[in-house]
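Same chain, two partners: subunit A is paired with subunit B first, then with subunit C.
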Partner chain A sequence: MKTLAELSAIRERMKSKVSVREGGNEYLVKVGMATCGIAAGARPVMSALLDEVSAQHLEETVHVSQTGCIGICQYEPVVEVFKGDEKFTYVKMTPEKMKEVVDSHLKDGKPLYQYTIGSM
Partner chain B sequence: MKELSLNILDIAQNSFKAEAENIALELLEEGALFTFRITDDGRGMTPEFLMRVMDPFTTTRTTRKVGLGLPLLKMAAEATGGELKIVSKDREHYPEDHGTVVTATFFTDHIDCPPLGDVVSTVLLLIQSAPFSPRLSYTHKKNGEEFSLDTAELHEQLGPDVPLDEPEVLAFLRDYLTEGEASIQ
Partner chain C sequence: MIRSHVLICGGTGCSASGSNGIREAMEKEIEKAGLSSEVKVVQTGCFGLCALGPIMIVYPEGSFYSRVTVDDVPEIVSEHLVKGRIVKRLVYSETVVENSNDVKSLNETNFYKKQKRIALRNCGVIDPENIDEYIARDGYQALGKVLTEMTPDEVIQTILDSGLRGRGGGGFPTGLKWKFASGNRGKVKKYVCCNADEGDPGAFMDRSVLEGDPHAVLEAMAIAGYAIGADEGYIYVRAEYPIAIKRLEIAIGQAHEYGLLGNDIFGTGFNFDIHLRFGAGAFVCGEETALMTSIEGNRGEPRPRPPFPAVKGLFGKPTILNNVETYANICQIILNGPQWFASMGTEKSKGTKVFALGGKINHTGLVEVPMGTTLREVIEEIGGGIPNGKKFKAAQTGGPSGGCIPASLIDTPIDYDNLIAIGSMMGSGGLIVMDEDTCMVDIARFFLDFTVDESCGKCTPCRIGTKRMLEILDKIIAGNGELSDLDELEELGNYIKANSLCGLGQTAPNPVLSTLKRFRDEYVAHVVDKKCPAGVCKALLRYVIDPDKCKGCTLCARKCPVGAISGTVKEPHKIDPTKCIKCGLCMANCKFGAISKQ
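Let's look at the complex of A and B:
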């Protein structure tokens, strides 16, 4: 049985990391989690994203967050990837496609244009 | 929505948008009756807005003029013989005790009742959207058994600098919530 006391170990590990990260993450990834996104399957996409970022140890370079409806409900689940001035909008996402995007785009820096809105 | 836990995730976000400092999510399962209640101390709604809130053409979203969160929840609850109740006090008229309580009841033995589904993911994603605030408390009671979690307890362990949306924290919480939910089944 897990206990909340285990969190204090995470706190110790984070002490060194937090200072390193203050420069900001390289990638900001936002998953649309409004009614339209949730109904279209955004929750498992977000779960897959968090799992894969953890599994690939990308916490230092990837920050994951949620956003509301961006107005393209028919393309949900939508995942936006920001890096500097660049923005990629991945549409009609699934947990499987999300894992591919993490591996190719967020890990190796190669965007998967076939899943972006421009190719729809 | 294919799962009630998706409705819960959707509706709970209204409390964030209402700038609540405290949000309580309660799930109660007693025999065939399932109730969930979201209580917040956000800005609340005026009586005028409350009257229109079930109308799909009433929404706080800015990207289009249709909002389906509450209408979808009302439809889901009523389809099972249950109901949706909203009580709200707006900040302007009730500066001391404003907030909103949304209560939805479902009869789970009705053929049109969706399953509760992945409540662990729902709670986890709500915690993710509250890295330092608002404070979230979650209680799930099922036939006399109870599991609860309060983000104030998490911050107590993690200290003031570690946000709850750290992937490592979320990974721990996923396991913790999964065990807790299993313990009341």
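Let's look at the complex of A and C:
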């Protein structure tokens, strides 16, 4: 490398890859991965979430984690999205719905209320 | 997307307790669970809490798993990584939140709360064998800034303004050292050296920086090279640090590949290269003139100064030598500005200092605190206090060159000048904690024994004088001391300090002199009463059986390896002091508490 711009390019590319260790991301997404969640199809939802987050280059603003059973097994797969003090609980998720949530909520900041628990 | 990072400590401490095997098991288990594309395993440098190793942190949750074994790995994968349930039984107790799946952040624990990490900022955070991760954390930005935006004199002024002082022990202002070596740039050959010899027993600050963040030292050396006008650097690292050496070699290779070392860096025409030299572990080779003599391929012996290295150093050329931790601060000062650095610490000691906590303390490990933090905060809050409910007696800073700080001075804010004022010194950062069971004569003997071994023998006061002091201490410990011995120790000690050639001899008597000053009554007890109050010095101990408590069970007589105990069944037994070797087996085995140490 011969320029500072090249250095900065590596930094920008890598930042999103280590940012998961620093916390403080805008969105924390938790997928319910207890037995009930997995039985209801949480695995493909998780994969869809991870794929779409990288496809949209959202690694720096979105952290993905899992959670255990939160006691609403009939609504699994459940995906919780945290932003600051706000919490959105998406229920009965599918890989397709998950992709929509990433594109609309995590990318453009528009929650999809029709999929949240309040509208069930 | 990689949603989770599993950071496993690959420092020397955790490696010794098996972290490599854990990493392999982790990688296999993740593969088995089909998570390879979602979860990444990263081997990092030291997290600091070595007492709890092997250590593992799983992000984004930040759960801090301690004392992990290979057998725990499948559970961490199937529970935490697959189902998102943190394995509470393995989580460091201070971070557990009752009735919740969450854990507290490590930064909220007593161990980390008061720490401020500058030199250690990347240790335990990045993979030290991956230059890209260093770059992600602003690596090589400081070098870029210096080469493209600053003149060499501006760099030196920045370091001067920051107030940074050498972390290798002496505390000499780093900017001033660079300034002295900065004349005739471009006209004469110069060298930049890094002291990674770290000979102080019990110290591992520099090792941890090199293992956890090697690029930070390389980048800072290149900056120093630009500042003084040098194009070549040497790192003198002890051969006993194989992990540090391996990571340095990898780092130098990667920096070359990226063009961050070598010729025409950032297209500015600045050239800089770094070589490694391995030390064989002689303490005296940490002394600057001996170190350079050793790099030149000669026997590592000090020479008189002046001429100072800034004038005549390595291969007779102007040279600067700085400590690893000193370098580890440089890039952050360049990036954040000298005022930022100078806003931390005390009036004359700026920034932070890394300490290796050892001895009788709960959290043995590595801590970095702002200058001016009190010894009490370091020992009681960060260090978690003294194990087994024992009382704090003293702390030794500065290793074999330093002195002991008694409990009465525990509220002293730690900085260069305060420590000297109370008869110790900052040293390179070893901090050994002693409890009431430590004998101060024995401790002084331990350090003196070390310096006698390590004296290079070039000058008489150090070579012969320290040996004579050791003989006097041995006499006292054997119970043959006289009061006049104490005066003689003092006289001899002061003479050695005043007349030795190098820092080794000039400081070798300090542990004896400072314990004599602070704990003279303990010396007197050894000499006059022939007793060791802490019950350590074997020759002064006696094991006795209390005839009222002894039931005559004969167990002790059967356990004694030298047949020193006699007596008949159901009658009180007796120990023959002329045969007793003071191994303590009888006391450890007595079921009635009838045997005591006096």
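Quick notes
Following the convention adopted for this analysis, the second predicted complex is superposed on the first by the 98 of 120 C-alpha atoms of A that agree within 3 Å, B and C clash if a C-alpha of one lies under 4 Å from a C-alpha of the other, contacts with A are read in each partner's own complex, and residues count from 1 in each chain.
The definition used in the following text is that a contact is a pair of C-beta atoms (placed from the backbone, for glycine too) under 8 Å apart; a residue touches a chain by one contact, two chains touch by 3 or more.
Given the structure is predicted, the values throughout are model-derived calculations rather than measurements.
Using the contact criterion defined above for the overlaid structures, shared-chain residue A:39 touches subunit B, although it does not reach subunit C. Touch criterion met: A:28 reaches subunit C, while subunit B stays clear of it. In the superposed model, A:71 makes contact with subunit B only, not with subunit C. Overlap of the subunit B and subunit C interfaces on subunit A comprises residues 1-2, 4, 7, 10-11, 13-15, 18, 33-35, 38, 46, 50-51, 53-54, 59, 64-66, 68.
By the touch rule above, subunit B contacts subunit A in their complex via residues 1, 6, 9-10, 13, 61, 63-64, 67-69, 72, 118, 121-122, 124-125, 128-129, 153-154, 157-159, 161-162, 165-172, 175-176, 179. Residues of subunit A touching subunit C in their complex: 1-4, 7, 10-11, 13-15, 17-18, 20-21, 23, 25, 28, 30-35, 38, 46, 50-51, 53-54, 59, 63-68.
Those residues of subunit A whose C-beta lies close enough to touch subunit B in the complex are 1-2, 4-8, 10-11, 13-15, 18, 33-36, 38-39, 43-44, 46-47, 50-51, 53-54, 59, 64-66, 68-71, 73. Chain contact summary for the complex, subunit C toward subunit A: residues 1-5, 7, 37-38, 59-62, 82-85, 101, 105, 125-126, 132-133, 135-141, 144, 148, 258-260, 264, 266-267.
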